[in-house]
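Each of the two complexes below includes subunit A, the first together with subunit B, the second together with subunit C.
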Partner chain A sequence: MQNEPIHVLLADDDEDDRLFFSDAIKELKMNTVVNVVKDGQDLIDYLLQTDVTLPHVLFLDLNMPIKTGLECLKEIKNIDRLKNIAIAIYSTSASEKDIEETFIRGANVYIKKPSSFTSLKKVLSEVITLNWQYHTSGLDRNNFLLSL
Partner chain B sequence: MNLQSIYLFTSSSFLRKIFLGALFILICISAFTYRHTFALSDSTASVIHSQQVHLELEQMMSYLKDAETGQRGYILTQNPVYLQPYNGSREKVEVSFKLLKSLTLDNSKQQINLDSLHKIIDLRYSLFRKSLALSVEKPVNKVEFDNVLMNGKNAMDDIRYRVNQMIEFELVYLKEKKAKYESEISFTPVFTIVLFLFTVLIFAIAYMMINRDLKNVHKANKELTIINESIDHAEIIGNFCLTQWDLYNNKLIYSDNLYRMLGCEPQSFEPTVENYVAFVHPEDKHIVERGANDALNKNETYIRTYRIIRKDGEIRYFRSVGKLIEDAKNHKTHIGIINDVTEQHLSNLSLEEQNLELEQTVKELASFNYVASHDLQEPLRKIQLFISRIDENEKHSLSETGKEYFARINVSALRMRVLIDDLLQFSRTNKAEKNLERTDLNKIFHKAKNELAEAIRDKKGIIQTNRLPILNVIPYQIEQLFINLISNSLKYSRVGVEPFIKIECEKVRGKDYSPFKVNGEKKYFKFTFTDNGLGFEQKNAESIFILFHRLHHKSEYNGTGIGLSICKKIVENHGGFITAKGVPNEGSAFTFFLPA
Partner chain C sequence: MKLYIKYDINEICKKILQEQLDRLSLSYVLLGYSEVEIKEDISNDKLKELHAGLNSYGIEVVESSKNILVQKIKDVIIEMIYENDKLPSSKISAYLADKISHSYGYIANVFAEVTYTSVENFIILHRIEFAKKLITIDELSFTEISHKLNYSSLAHFCTQFKNTTGLTPSAFKRIILKRREAALNNT
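== the complex of A and B ==
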């Protein structure tokens, strides 16, 4: 176990999903700090604060009001200070179009929101403990979509 | 038509030859007749000529006799009255002689005769003069006088003899001429008759030929009339008309149906561009006017569509096609066909409308897709998550009935998830994403097998395959096809029988499978998936591919009735065909063809 906690940020407009997410991470009992934002605009505002601790992993929902996940992804990758944050797309849909677009825009992994709590915990633990450097260097279109 | 005109042409040239021949023969006949007439007059002339010579000789003889008679009278009577005929006779004889000389100019023998006759006549006159001189001497020298008179008589006899000889000669000459003329003239009637008959024959042939030509012309005319009439009818039936614009003579011909198409009586107005343009819809006039210019300057075929307003006010759509053609003499003619395309045009318009509607529907379907894939899944996923939360932490506080109901809720939610996933799969399997890639089907098979690894392991299934080809396909669709067929076999396996699935592939000719809807000319790969599962009644072989069609209760087998519909759609997307065979409780075989 690391001494430094892992900072995790979730951007999701759905209250239930935010609840499931926090509960799952709590039950995983890892050394993590979880922050949540309610939509895309909130996310950008949060990240642009000067005194904020940048997350190690950002879980990004795609279908959000005001600013969609894809727009956020583009903005983040255009800001030097933010572009190295590992981004996990966290979406209900797994349409080819979404997967393709987010991969091209530089997201690191694509997670289809699971429909059981057990799988949710499994996915989150896997993503959080992922060796990002290793994963990113061997990243390709085929292992982009996380399969369990 | 062409043949006929060629035939007519040769025939008329033959006739021309016949007429030239007849004319030649007529000239021949005229020449012969002329010659013979000439010969006849020639012979008449020679008869007259001989008679003239004869007469003139007689005349001369009579002058001489007159002179002799006068001389005798004078000698007897010494009366000078008797000397009168003698005195004028010398001149008269000379005149006669000169006439004879000129008459017999063409006959050297008679000339010689005449010359010797002249000498004797001279002698005779000198004897006359001597006898006259002796008769007046006193006394009369009787001996000499008798002598002179005797000589005179002899000379006279000589003259008479020679004249007779000349007359004789002339008669012989005439006879010869006559014989020659008759020999010539005797040939003429036969020759003339032969020529005449020949001419009659030629004219008879010519008459027959003209008759035959006239019949042919008549027949050709009749055919032409029929063709013209059928074109006329064809124009009415086909709602089109023909136009001809002879640019050399600047003459336009509109067929009758153009007038009918415009709602007018045939040929009721003068065929001119202006008169036609008057019927064109004001907004389309520029199309026709510009078109008329183009038609004269460009050599290619053109097509134009425009509206016209019929005489009765109805608006119709016309389409003109035309081309400028040039004959051997560089005379240009513009040939045009005008079609009334109102119905086609309107149905095209409604087709376009329907197309737009269809596009709209497709767009709506796509957005429905998104709603289904995202918005419907989201609440369901949350229901399932809450179910799993309760299942983990709160289940123990439920009563037995509550637990039972809760389990049923879970099953229903799961089923709904499967249904939504399958439906999405089905609606995504469309032709729009037709990106064919050269794909190794062996790799696809392994991917499908990996995808199903869990189910295969659970059912203890065995899958056997021979070598699969490399084909141009949509890879993810073929993978889906393999997954669906294999999982179908696994799902409908018999209880207690381990599933055995055999996949075979061979290259076949389409024409060997004519009952299927395959293209006979092409080659196909024929894939067969055979299993030892539940099978089905052969009568259901077609209905199993229908969407939502199921052969089993969902409590027995957890199917949605979508999987095989997707298979059919995928195979058909690839231009192939799928079919199924089943024997209940023995197994089923799915065969599909993909173009090689």
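== the complex of A and C ==
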């Protein structure tokens, strides 16, 4: 049986991080479709296209030029069509303040970027499967909070 | 003004199902939360119309037998967690095998294949989700919640909550309350 593909989107300005991320996802044994955008403006433009398949989960780097992750988070949460996308903050910072701040603004997941490929795979697999449970088991998305 | 509401998902789904089935004037019997037996031969056009009607509510007709099995497993687990008196006295694996009439090994395999998660993790996830719901309703203390969910102790509950969400129950509560406050200030 073929499950419906899981759509994943990453917004990150660092090319190495984008590669690292896509490679890790490809190695998970899941039916995923990965897209990447390179900054915040790019992300909003991408999501606002009328014919785009919205991602099941968006991985969002906080520290990006032009438009920061936090600004994107705010914008996305104010657009009806987009506000239900699960958002996973994907950041090098892991200060308690940043974590709570992004959660309060509507993020679902906070990931401190892992340094090893193995731990990245593990973290991504955890986020994607958990998000999938929310998507397929009728759980209350407002209560979806995960800090890794 | 903002209102916070509680609702019964199963009741809502049942009503929607009945509405949609009645709209097509089908004769049917509802079997449990997620099974409907249609008592007549249904034309393909009508079936399509039913699918489309249900889809607009985010309700999907599952067709593959594995999907159906997984849905049954989920129903049994959810019922077990949300209805306290249904908690089995036997081991959960034996209870599931008995309810579903397949070996636990088979159940576990199919479940993992379709949902990407194990039966055990699914049970933990749902217990924690139930706990979150109780926390956001803000009527019970953490100790009362841990009893209600049959944790052996408050510490065990807090540890499992933290392991599952990365947050302590109190951090979770703080964040949800602040979110509400922020939402109130925005309107």
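FYI, the second predicted complex is superposed on the first by the 128 of 148 C-alpha atoms of A that agree within 3 Å, B and C clash if a C-alpha of one lies under 4 Å from a C-alpha of the other, contacts with A are read in each partner's own complex, and residues count from 1 in each chain.
Operating definition for what follows: contacts are C-beta pairs under 8 Å (C-beta built on N, C-alpha and C of every residue); 3 or more make two chains touch, one makes a residue touch a chain.
What you see is a predicted model; the values in this text were computed from it and never measured.
J.: Once the shared chain is lined up, is A:103 touching subunit B (first), subunit C (second), both, or neither of them?
T.: After superposing on A, A:103 lies in contact with subunit C but is clear of subunit B.
J.: Does subunit A have more residues touched by subunit B or by subunit C?
T.: Touched residues of subunit A are more numerous for C.
J.: Based on the superposed arrangement, let me know which partner A:14 touches: subunit B (first), subunit C (second), both, or neither?
T.: First partner only.
J.: Should A:115 be classified as contacting the first partner (subunit B), the second (subunit C), both, or neither?
T.: In the superposition, A:115 touches subunit B alone.
J.: If you stack the two complexes on chain A, which partner ends up touching A:130: first (subunit B), second (subunit C), both, or neither?
T.: After superposing on A, A:130 lies in contact with subunit C but is clear of subunit B.
J.: Would you tell me the residues on subunit A in contact with subunit B in one complex that are also in contact with subunit C in the other?
T.: none
J.: Once bound in the complex, which stretches of subunit B touch subunit A?
T.: Residues in contact with subunit A: 370, 373-374, 377-378, 380-382, 384-385, 388-389, 392, 417.
J.: Taking the complex as given, what residues does subunit C use to touch subunit A?
T.: On the subunit C side, the touching residues are 9, 64, 66-67, 74, 113-117, 122, 125-126, 129, 132-133, 136, 165-167, 171-172, 174-176, 178-179, 182.
J.: List the residues on subunit A that touch subunit C in their complex, please.
T.: Contact set of subunit A toward subunit C: 1, 3, 30, 100, 103-106, 110, 128-130, 132-133, 136-140, 142-143, 145-148.
J.: Touching subunit B in the complex: which residues of subunit A?
T.: The contact residues of subunit A facing subunit B are 14, 16-17, 20, 23, 63, 92-93, 95, 113-118, 120.
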